[in-house]
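Order of writing sets the chain letters: A, B, C and D. Residues in each chain are counted from 1.
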Amino acid sequence: MKKIINDPNEFVDEMLEGILLAHSHDLKIAGNDKRALVIKDAPIKEKVAIATGGGSGHLPVFLGYIGKGMIDGCAVGNVFASPSANTMFNVTKAIDGGEGVLYIYGNYGGDVMNFNMAAEMSEFEDIKVETVIVADDVASAPKGSEDKRRGVAGLFYAYKIAGAAAYEGKSLEEVKEIVERALQGTRTMGMALSPCIIPSVGKPTFTIGEDEMEIGMGIHGEPGIKREKLKSADEITEELMDRILTDLPYVEGDEVSILINGLGSTPKEELYIVYRKVHSILKEKGIKVYRPYIGEYATSMEMGGMSITLMKLDDQIKSLLDKSADTPFFQQV
Amino acid sequence: MEYIYIEDVKGIFKKISEIMNENKDYLISLDGAMGDGDLGITMSEGFGAIVEEMDNFKEEDIGNFIAKMGMTMANAAPSTLGTLLATAMMKGGRAIKGKSKLKLDDMVCFGEIAIDGMKAIGKAEIGDKTILDSLWPGIENLKENEDKDITIVKAYKEAYEAAEEGALNTKHMISKHGRAAYYGEDSIGKQDPGATAGALIFKGIYLYFEER
Amino acid sequence: MKKIINDPNEFVDEMLEGILLAHSHDLKIAGNDKRALVIKDAPIKEKVAIATGGGSGHLPVFLGYIGKGMIDGCAVGNVFASPSANTMFNVTKAIDGGEGVLYIYGNYGGDVMNFNMAAEMSEFEDIKVETVIVADDVASAPKGSEDKRRGVAGLFYAYKIAGAAAYEGKSLEEVKEIVERALQGTRTMGMALSPCIIPSVGKPTFTIGEDEMEIGMGIHGEPGIKREKLKSADEITEELMDRILTDLPYVEGDEVSILINGLGSTPKEELYIVYRKVHSILKEKGIKVYRPYIGEYATSMEMGGMSITLMKLDDQIKSLLDKSADTPFFQQV
Amino acid sequence: MEYIYIEDVKGIFKKISEIMNENKDYLISLDGAMGDGDLGITMSEGFGAIVEEMDNFKEEDIGNFIAKMGMTMANAAPSTLGTLLATAMMKGGRAIKGKSKLKLDDMVCFGEIAIDGMKAIGKAEIGDKTILDSLWPGIENLKENEDKDITIVKAYKEAYEAAEEGALNTKHMISKHGRAAYYGEDSIGKQDPGATAGALIFKGIYLYFEER
């Protein structure tokens, strides 16, 4: 296990210490729950608060998007493991500014159960909570079973849109409605080249041949659609785009934002080679591209591979996407 | 038949914790086949936390005690299985609230309510290839022996055997929940790690009484 | 070779196409030299222009820092290979707004020779050119031979400070003087865990044991100071910091900015674990930390490892560091 | 002795290009030992570009022609060695500007000025374990034969052998420039890739005349 770490069991806590030291002007913990990270000036009054949470190992997902224009707090779990309902509840209490809290998180069993428990605890304390579950991974369940899909890089768009709407002063119901609409038009397909290692486990999450790739693999190594010989960037991109475009479907005249996301060890150079092909496919189909994001937005530590996300735009979503943001891991001027 | 006191409950937790430690790698490998491989870690951490904290609670009420240990489990092991077990302990514990000694029928009552709690939160049914498929036969078996004149050791030996058989049976089932569900038909032939952990819980209870 | 690419020989050109498509509002090429990238509104009048250049494979270095508040143009070479003097000259012509051009680049033989040739060509056309060579890598030559050192992540600070000074309207000589001062107080030490593969070569740049690391390795796989068994994050950090701190030296009462830079496949989580230790070392030594940067600022494609850079601050450098910046790969609000 | 015409120069470039292609992996592995391993690629690309472009220049003046090919090399292979060779061709070419046929002493003149140009830009001396250490003995050898009554094939055969020996001799030297310099004493025992490429250039000239 080639990692720059100390005791594997301290991995998450030491990482959080580092993050809090580096971004002490922007972040703090809620009460004395070290796993409950919130924006420094929480609770922000007269604004819907956005909470998220999930396992560690996906930086900037989840906590990296706490900041102006994005989200207010995050419950931090162990690597690839849900945080506790209690921590989620601590986050909720710390960020609620009186306008209610919107939970936005990825569709994973443990997270769903715990966030549901936290929502119950919060309602018990008269904090209004609504939930939006992100389930953008086309590969993880067929059309018709969209609610079974995993949440992956689409989380970024959900935070961006929700955050911008909340900072515009929209109500909890309105923010929820807008994010849900944005997510209805959001689809992701990914592929993996190499695994990552959970520090406390010490072994790769999966094994894969030196010349193989897996289409549709999940960000924790969940099985994908097929495993095959590594193809060219253009062929891979065509395959992913084909599955994305036909799923919604995205059609001529649509306008979309694009996120080309590196899973961890895939160089930015390669992401741009992929973007080049994405751009040409969309151009050919008469789909307009707006504001592409290219880089590491949702990772799996040192996993190799990438994902492509499309989000369909309307005027409101577009203007929310344009709003500035300033978080420790993401800035938009 | 004998009563079960709070010291027995603590002894049981200790035994389960030992067994989870022993089976850590085994559970990791089972969960690794179709899940994220953390189940061995979360079980050993979850029950470990309970053992570590249980003496801090000066509690006579067994129901309250178990419910509190459920909270401990929820904080220490908030994975799918950890959360399900935490819920089971909290709901089951509330059902036997007020008792400072338990008889076998209390244990059955605890078990049934616990299973209901897990079903409510996890939305799984018997036969969906989950922990329910070992816990349920174990509790059903206990229930059959509830009114018989049988030692507690024997009752739990049989319950454990039933749970173990249930865990083995999951090999023939198709995963419908959690990460393993992504494998669909391909999950046939593989034993469910959660169900295996369920059988180990019964094993812990049985061995505690056996060695008492 | 597990890469998401097409023809290895088209790697750089396809990457550049992707970058130009994605950032068409911010970047353009100079004339019809596809390897000469410049800021969209070049030449910017009444401002010293900053040019850089070097081999590909280090994104965001070099071209990723073209943008407001940073640099104006970049000559792009093949992977790990110098661009041609001609391309550097094309960049120079395209960005000179009349106030002269400052060349800032890393201390590598091929780059030095080619930039010198380009400077001659430029002077021939009456474009004022000054040069600052970045040589921040402590591991690459002993104290006393600072001019032989390689340039690594310190490039980022050089661009940031030079860019901010140029946008403040400072003269060519002033910008040069400020950057040189900043660089005199800048030191980097890195370590590598795993190699990368040059697409057209197809083989790893070096081999290293499954449990080994190399202290001081260069970003193209140049040999470091020693190869040894992988240690803990805290031990590695102590060793790197010790070499950095004693080299300048940085002393009690100093104030520094810190850059923890991932080389490509090292997860951000690990960089923060390193930062945690850096912070505690500096605190103990009475050195103040200001504005840490943590992430991928100068990479070697999928190389594993990281580097630590310290830049000593004075009032002017600090205020220039604070200035906002907006480039395709780096934003500071 | 025979003259060398522009067609010969083109034939020489073609031959060198062939040889660089054949030795691509060998040069990569030499450069890989203490450098970045690109030398095989840059040499094959640099001379490849010259061969591709050379017929576009309707040039009678051999000096001008070689200088222009130097520019082509500079654009196609701007690595350390490519830039050095480009400089060599530009400076050497300028030195024999105006000639449409060359004699051996012109080639010697070209070579000496070319070496001076490389020294000026690269700041290396003979013995620093660089390309100079094969080119220089080659040219010196040529110079010795300059006025002798000897065929051009034989002159270049000997020059090539001297260059080849020079390249082998770099094994005993310590690298002082470029990436290899980071290895210091450890560079002893390893043959310099640039010097090897220098010997291959002489090999190309020799084989061209041999096969003419």
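Structural remarks
Simple rule for what comes next: a residue touches a chain if its C-beta (ideal position, glycine included) is under 8 Å from a C-beta of that chain, and two chains touch if they have at least 3 such contacts.
Keep in mind the model is a prediction, meaning the values are calculated, not measured.
Annotation of chain A and chain C: not jointly contacted by any chain, touch as defined at the top.
With each centre defined as the average position of its C-alpha atoms, the distance from chain B to chain C rounds to 56 Å.
Annotation: 33 Å between the Cα-based centres of chain C and chain D. Per-chain CA centroids place chain B at a distance of 78 Å from chain D.
Taken pairwise by the contact criterion, the protein chains link up end to end in a single open path, with no chain closing the loop.
Interface residues of chain D, counted against chain C in their complex, comprise 28, 32, 34, 36-38, 41-42, 71, 74-76, 78-80, 82-84, 87, 121-122, 177-179, 181-183, 186.
The touching residues of chain C, when paired with chain A in their complex, are 2-6, 11, 14-19, 21-22, 56-57, 59-60, 64, 193-194, 196, 210-211, 213, 230, 232-234, 236, 264-276, 279, 292, 294-296, 299, 301-302, 304-306, 324, 326, 329, 331-333.
Residues of chain A touching chain B in their complex: 77-78, 80-87, 109-110, 113-114, 116-117, 140, 148, 198, 200-201, 203, 205, 218, 220-223.
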